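Look for chain A in each of the two complexes below; its partner is chain B in the first and chain C in the second.
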Partner chain A sequence: MAAPRAGWQSATLRDKRTETDRAATLHLLTDAWPGHRAGQHVDVRLTAEDGYQAQRSYSIASPPEDDGDVALTVERLDDGEVSPYLVDEMAPGDMCELRGPIGGWFVWDADDGGPLLLVGGGSGVVPLMSMLRHRAALHSGVPARLLLSARSLDDVLYADELHGLDAGDDELDVSITLTRTAPPDWPGYARRVDRPMLEEVAWPAADRPRVYVCGPTPFVESVAAGLVDLGHDAGLVKTERFGATGS
Partner chain B sequence: MERLDGNAAAGLLQEVFAREMTTAMETCASCGNEAVVATTHVYMGDIGTVLRCPTCEQVLMTIVHVREELHVDLSGVRRIDLR
Partner chain C sequence: MSPPFSRGFHRRHEAERADADRVPPGQYVVNDFPVLSAGPTPHTPLDQWSFTINGAVDEPRTWTWEQFQTLPAEEVTRDIHCVTHWSKLGTTWRGVAVDTLLQGIETSAEYVVEFADGGYTTNVPLDDLRDGKAWVAYEFDGEPLESEHGGPARMLVPHLYFWKSAKWVRGLTLSDDDRPGFWEQNGYHNYGDPWREQRYWND
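Coming up: the complex of A and B.
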């Protein structure tokens, strides 16, 4: 007999909030959540009535300080097997299986210090948001900058919360770039992240910021290469790639 | 198939090694370069997952699913340092 596949536990959807037309945040309750670190993810597994199983990884959006439930922000992939169910159909009280928290490399603890440079493409901002919420929950004064790339203003995750965090914190700067459509009066960037943008937004390489880049593979590789080009130590640039969802 | 990185395989690796593996260091049997598991190149398909050396692209590890079984081939890894 095969060994049971380890580590899965059942989770119940407590609450779901719409973030954008394509994304929702799911608040999941488990019997035994061991706590997590900012930047970690979970694996979610769905089982159909005929026994067919599908699983995907989703980043945790909530900070370690939220001990009630674990929040995942999920973006719908129209041809996806898991995300359309999570975003559109799963209702409070419904259950899924969850494994995690997972990962110990793409994580930031406030004790790690900074300065902190976070660069997110599309839903790649989710684990970075956990870091910013962690930073805010601890009133950490670590200087932090976030550069978020989204297709349009409607696709920007956590827009109101980011605006509030940015406005109330002299040590935090949030920059947004819109890659497809921008309002005529848009004050931010309106192009793909490029070297001049990184040069403007990032800390000078000499400040040796801790860098976290998350997004679709081409986004992550272009940003990481740009930063190393600007003199950033590749060992301080941590990257996490996920399947293409557009940024 | 889209190239991901070792973070994407973290849950599966945790299942195989029963510990957090993305911070571990792997030494490629082909080119001898060391890479943190999180930075390895990962390809995930329906039947299995392949980890490749980020320096020379040779296969480090394959993990194949057959029903409830996992088959792990580590022949491309010279050593693993856990940390």
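Coming up: the complex of A and C.
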């Protein structure tokens, strides 16, 4: 991979899109974005007028092919310091700093091939979305499946876009499971991801899919262990975890 | 050039000020214990666990879990710093000092690769594991170390970013030359001093 830029770059919020009650996508414009690979993240730095600074890492949602700006989808953590600002307060024209892209492991390039299995919990779908958008932008025919777990339909990120991608692509299957509340006529799953669900959605282990799992730690622990139990090679299961574990 | 202000952004967590001198630049304090790992959590049964020191040594050493438990252990309380920006202050561990493991081992090596179940590796200068700076820890907060945090045993090298403290560690390979480990080959700094904010390549 290319070495990440050592320095911080000023970035201007060009546009913000509300995704759910708790999440927004920020389109940030820099002078010289060096480009990124699907699945990478950036560090964001905020500076208050008194000089206080805070840094956090966020996954990139946009594909490498979007050369206009960098899109980050951020979920608000109510007791957080940075995410409430990004989601609720930051407005177009406001500035922050970006550093990156970062990470050379949890990445997928269309040239890597497949089949591709993506499993996301909550906002863990963000780096997986970058991979699906990258795949779509290149009209890659790599067979791909996404299993997305969310608390309710209102919490599903990118719902319309995923539906559109799924509908127009025979090589892509999107499965959604709702873990808390599901509409009465909900055709998808309505429980936490478990082994029978993985068995139905995941490719057979013998197909040796490239697997990317992202979400809160208990989700990633459970999904990754389930896949290994089903015979998937642990070396093909890449994970990215975020957030509090409570432990 | 000073960084641009983020209009309307201000500090929310005043409590952190009290410990400000313990928090390296770009870090924030957490009270829980987040997890960062690259793949599924391995689960090695204790009767199949061993710890090995090999490479540029006069003779490789290996301890079974049972033998490891008979080594003199130390309780240490340290601040830990993850490259993903969180720091956790005053964490308490119990384990065996690397000094204890190296006793009686003859080596001219200057570098170490920590290796772990699941294939993870990370490299450190040998001097950074000596003189009371590093442990192989098997208890956290008085309890056996949970597998998601690296149990049954993990490295504890608290003066470096925490990816230098390999979870599920199974041994140390000593060598005369420096061999970048897993994250070190994937964009992260070769040494990883949090006080010098050595997060990524070129820092």
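Simple rule for what comes next: the second predicted complex is superposed on the first by the 237 of 247 C-alpha atoms of A that agree within 3 Å, B and C clash if a C-alpha of one lies under 4 Å from a C-alpha of the other, contacts with A are read in each partner's own complex, and residues count from 1 in each chain.
Just so it is clear, contacts are C-beta pairs under 8 Å (C-beta built on N, C-alpha and C of every residue); 3 or more make two chains touch, one makes a residue touch a chain.
These numbers were taken from a predicted model, which means no experiment stands behind them.
Engineer: Regarding the shared-chain residue A:W108, is it in contact with chain B (first), chain C (second), both, or neither?
Structural biologist: Once the two structures are laid over each other on A, A:W108 reaches no partner at all.
Engineer: Using the touch criterion from the header, give the chain among chain B and chain C with more contacted residues in chain A.
Structural biologist: On the superposition, C touches more of the residues of chain A.
Engineer: Mind working out whether A:S57 is in touch with chain B, chain C, both or neither, as first, second, both or neither?
Structural biologist: both
Engineer: First (chain B), second (chain C), both or neither: which does A:T239 touch?
Structural biologist: both
Engineer: Touching A:Y158 in the superposition: chain B (first), chain C (second), both, neither?
Structural biologist: Neither partner.
Engineer: With the two complexes superposed on chain A, say which partner A:A225 touches: chain B (first), chain C (second), both, or neither.
Structural biologist: Once the two structures are laid over each other on A, A:A225 reaches chain C alone.
Engineer: Regarding the shared-chain residue A:T217, is it in contact with chain B (first), chain C (second), both, or neither?
Structural biologist: In the superposition, A:T217 touches chain B and chain C alike.
Engineer: Share the list of chain A residues that count as touching for chain B in one structure and for chain C in the other.
Structural biologist: 3-6, 43, 57, 102-106, 217, 238-239, 241-244
Engineer: So in the complex, the part of chain A that touches chain C is made up of which residues?
Structural biologist: 1, 3-6, 8, 10, 43, 45-50, 52-57, 80-81, 84-85, 89-91, 94-97, 102-106, 217, 221, 224-225, 227-228, 234-235, 237-239, 241-247
Engineer: Any idea which chain A residues touch chain B in the complex?
Structural biologist: 2-7, 41-43, 57, 99-100, 102-106, 217, 238-244
Engineer: What residues of chain B sit close enough to touch chain A in their complex?
Structural biologist: 2-8, 10-11, 14-15, 18, 20, 22-23, 36-39, 67-69
Engineer: Touching residues of chain C toward chain A in the complex: what are they?
Structural biologist: For chain C paired with chain A, touching residues are 3-13, 26-28, 30, 32-42, 84-85, 118-119, 146, 148-149, 182-183, 185-187, 200-203.
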